Amino acid sequence: MKSLPSSLTAASLAAVFALGLTGCKSGGGDTIKVGEYASLTGKEATYGAAMHEGTMLAIEEVNAAGGVLGKQIELIVEDDQSKAGEPANAVNKLISKDGVVAVLGEFASSRSLEGGPICQENKIPMISPGSTNPAVTQVGDYIFRVCFTDPFQGAALANFANGTLKAKKVAILTDVKSDYSKGLAKYFKEKYLAGGGELAAELDFNGGDKDFKAQLTTIKNSSPDAIFIPGYYNDVALICIQAKQLGIDVPLFGGDGWESHMLLEIGKDAVEGHYFSTHCLTDQDTPKMKSFVEAYTKRYNKAPDAMSTLGYDSAMVLIDAMKRAGTTESAALRDAIAATKDYEGVSGTFSLDENRDAVKPLVFAQIKNGKFVYSATVNP
Amino acid sequence: MEFLQQFINGLSLGSVYALIALGYTMVYGVLRFINFAHSDILMLGAFAAFYLSPIVEKFCGPQSPVGAILVVILAAAICAIIGTLIEFFAYRPLRGRPKLTVLITAIGVSLFIEFTCQHGKVFGSNPRPFPKLLNDTQFHFGKLAIGSNDVIVLLVTAMLLVGIWFLVQKTRVGTALRAVSYNQQAAALMGVPVNRIISFTFAVGSALAAIAGILYSMKFPAIEPLMGVQPGLRAFIAAVVGGIGNIPGAVLGGLIIGLLETFAGGIPGLSNYRDAIAFGILILILFFKPAGLLGRSTVEKV
Amino acid sequence: MLKFGAKRWLFIGIALAIAASFLSPNFNRYYLGVGIDVGIAIILAVSLNLINGHTGQFSLGHAGFMAVGGYFAAWISLKLGESAEVFFPLSLLAGGLFAALIGLFVGIPSLRLRGDYLAIVTLGFGEIIRVVAQNTEAIGAASGLKGIPKLTNLGWTFGLAALTIYIITALVNSTYGRGFLAVHDDEIAAESSGINTTRYKVVAFVTGSFFAGIAGGLYAHHKQFLAPTGFDWLKSVEIVVMVILGGMGRTAGVVAAAILLTLLPEFLREVSEYRMILYALLIIFLMILRPEGLFAFKLKRRQTS
Amino acid sequence: MSEPLLELKDVTIRFGGLTAVSALDLTIHSNELIGLIGPNGAGKTTAFNMITGVYRPTSGQITFAGKNTLGIKPSRLAGLGVARTFQNIRLFGSLTVLDNIRVATQLHNPTGYFGSLWRGKNWKTGEAKLEKQALELLEIFDLAKFRDELATSLPYGAQRRLEIVRALATHPKLLLLDEPAAGMNPAEKDELIRLIRFVKDRYQLSVLLVEHDMKVVMGICERIAVLEYGRKIAEGTPKEIQCHPKVIEAYLGAAAV
């Protein structure tokens, strides 16, 4: 046996040594470096891109207004391809190679859970725009989020089913591929059953499936009063269409994953009359929202989603904390973020609680005449 | 009643799989390789129809059958050209190389199409609403629901099955095609224009993919660059289950996968394993019939 | 003539790896992380090379075995809690053994099939493993398994990479191991020469799965989080591409390809929106231009010694 | 006569509708050299494949050294003492000449999986022994000079010889040669005849030879069986076969009779 393989091992080790020693942290400078990791390509690019556009808009606005602490902000964006294993490298690169002072991202909880521990270990604050799994911020005291969590939304939806819809029997159709869907289904179920509701049927699908008639046929035959679908709009739109085809006429409802103009475009008349809860509606009559929608539409030539408002808010909360802390030093910055109180964001006014989760209201909307119509607000 | 409804659901899903599987099996039958990019041609077919239909609508009016047929024919032609180009640039230089090389290239082509189309300057990653080519009327018989689109899918699959079977078995081109499939070198020596026959196979296979893509999108009207991956994989499995290279086998396999997936999908506690069901069936069948249900096992010559 | 001093190199490799891990606290974490990724990729590619390259059995399910080993090792570590660090090597071993066991169950029936059929069945098993992981609450199901202690370091990774390379090379460079190549070249002739081809294939498959499991364990304790979606069939394709680019059956080439293909996406970060397009193009062009592998030079093939 | 080494009784095999070999009876004793001839497609190679376990007969019985071999894998049959060569040479193309032989020699003296990992003393002596055996064989057949060449890079005649050597390396009791003279010139054929005789005498084994070249067959076989359309139409000494009317008919067509 030649020594070739072993010498290769040695060579690759040497390469690692060399790389390790040349890597340097670039601090200071005349810009403040902020990192963002997002699913810009791959399976879930459609959500990742929406969030990223919001974040970018925020940073551009801040820079146009003269920056923060007398410096411009440099947003360094890393794509994680919607792929497990990638966020770790992306976040490591942002922190160790680029030397960012804070990290924004991810929308998917599973990827925030991969990036989170690295931020925590390096004591770099991370703000997730849209990861609703409670475990995300449990990673450590440097991890925050600007959205509500699954338990809160699940409970609100359960109350909605029991109260507003007065549904005695609800069927649940869960996306088993998505931790978001499973989490929401779980918390909904707990609260709904406790509230006296009854489950008609529980079925699953895999996110990205196109055919749901099998599940819907079973659900139809369990004669529920309403159907709960914690899923994302691209699946939900098709589910609504097929439910209508099968002659299901009870209301369908779900969570913030529904909120997108694409739900209306794809679902058309099949989504009429259904309900969902979300962070905010982009036609809400608040000055912040109005100026956001205007700026967003001007910048990207299309209407924003709630996902974009969360991306925007995550960046703005960070900027706000920088201003209050007067520094970008990590511990001070962390404390400032943690102290965020009654912050007026686009997606609503919120504070960060002791679990570093946003405490903010949730709104219910119904789809009427091809539009999202505000129906109620639930305060935490 | 529930059983009957599920049977209809499964039949309708299965016939789409069957249609996609037909294309896989045709290419495999001739070239003995898995054209991974088939599922992406399907997607391109759907997008072609997406962009063509507003134009055609101007001339034929909304949801007219003539317009729909025109869109399908144009999209099929576009995809046939794309398919032939892919064969010419990516697969032809590999003629005679080990199967693995070709398989990996096919995966490369598939990834290339997907990632390129996902790019913001091409189609982007957002799902788009697929235009209504035909009015999808729902018929309700008591509790039973059948859509006109489902009937159309079933009819088109049956027609294309017969058409392809006729093409392969009864025409001159079909004879040449079978000759190439049996032995490329011998066919070439007999004066069969092998390259042209292979291009033709790709053209027909891609046109089939485009038609399948359009019918699939009529059933599930949200299209995006990765839409082909999942039905493509299922249809490929269907082709193998039926006996890859065997035309009726592809249809049989498609219907089996569609039906079993649907029945399993309707059972609480089993629906979460739906992704694995097609593979489960595949593995089971291959263990008992290593060449698929209708495929003939060949004895290796020693 | 087989050279008998091969073991010496193994020890040197391991010693270097351990030395590296003592120095690693000074390393930039990003490079350190990528370095560990490289080591894990080497283990995966070299072990798959035994199955796909040396033995010629086309498997598209390597990521599945990586998942089995990763989840099992991580699950043990989480159960052990505080003492996980002490038992880390044993957890890795257990992950590898469990993956090998699953490899045995998958291999015995599948390896009767050939070529495309084997590829699609192994792909199927890989996907089934993923779907099972996705539905098993004990390992986090779709939410993923989180809070895995960070125990993987350069030492373990490259020590085990050196061990993998050693084992696969030592195996192939022995009279026993020449049987793998014989099976690859001609199954019927191998059978008539007294080589039990089924057993050889299963042995290759189980050995490969074992190391995939080890790599999975390292991966789990490196990323500290496992999600079922990370082990889909595209992950298997990635490993296969490494093997093919390296030149099927050439360990040194496969190692080089594993290093290259792990580093490449990092270098392409600047053009991240075109990264995957370039990756796909690379596969196509290399297959057309250098089908024998990127690192295959005109050496006399597989000369002993 | 002693107990037969190989016995085929009423062996039939069908592929789909085609009966390739039909009701074949054949007996081979120790240290016998038997020829199996017949026109193309008569089923000679198929008979080989059944004897070596590659195909399983549809019906009938095959015993080797008193053991029923139906359903036994070729590799185990090789262990029992059945070795063969192939009509279209099947060497291990990515292995050197020496390694082609070495993989076969390990059949009776395996050095094993873990041995090759640990590389201890026993393994080293075992490997050295195998190599010595393999080299000796190569010496005898004048192939040692090619030891480090790739097997497929050898001249044609040497490849044929190498295949025979590989078969011998498994210490067979019965050696099946499938058209060893195919593609050889007259000088090489003479050489081959000498080689087969030498092998048979030196290793004390039985040889079953399929060959088209009548000079070779008639020159060395002690007994010859003739197949036509899967049936045995004649069996006897070379002399008997040469003037057997059915054989002449089979080879030259009915007109010649």
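Going by the order they are written in, the chains are A, B, C and D; count residues from 1 in each one.
Assume contacts are C-beta pairs under 8 Å (C-beta built on N, C-alpha and C of every residue); 3 or more make two chains touch, one makes a residue touch a chain.
What you see is a predicted model, and the numbers here were worked out from it, not measured in a lab.
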Least step count from chain A to chain D, where 1 means the two chains touch: 2
Furthest chain, CA centroid comparison against chain A: D
By mean Cα position, the chain sitting nearest the middle: C
Between chain D and chain B, distance of the C-alpha-averaged centres to the nearest whole Å: 48
Whole-Å gap between the CA centroids of chain A and chain B: 35
Averaged-CA centre spacing for the pair chain C and chain A, given as whole angstrom: 34
Multi-chain contact sites of chain D, meaning residues that touch two or more partners: 54, 86
Set of chain A residues in contact with two or more other chains: 41-42, 176-177
Residues of chain B whose C-beta touches two or more other chains: 115, 120, 272, 275, 302
Chain C residues touching chain B - in the complex, by the definition given at the top: 52, 58, 109-110, 112-113, 115-117, 119-121, 123-125, 127-128, 131-132, 134-135, 188, 237, 240-241, 244, 248, 273-274, 276-277, 279-284, 287-288, 291
Chain A-touching residues of chain C, taken from the complex the two chains share: 2-3, 6, 9-10, 12-13, 16-17, 20, 23-24, 26-35, 37-39, 42, 134-135, 141-144, 146, 150, 154, 158, 161-162, 165-166, 169-170, 173, 219, 222-227, 229-231, 251-252, 255-256, 259, 266, 269, 272-273, 275-276, 305
Contacting residues of chain B [partner chain C, same complex]: 33-34, 90, 93-94, 97-105, 107-109, 111-112, 115-116, 119-120, 236-237, 240, 244, 272-273, 275-276, 279-280, 282-283, 286-287, 290, 300, 302
Of all residues in chain D, those that touch chain C in their complex: 52-54, 73-76, 78-79, 83-84, 86, 90-96, 98-99, 102-107, 110-113, 115-117, 119, 123-124, 127, 130-131, 148, 150, 166-167, 169-170
Residues of chain A that touch chain B when the two form their complex: 41-43, 45-46, 49, 176-177, 201-206, 208-211, 213-215, 217-218, 221, 234, 237-238, 241, 245-247, 262, 265-266, 268
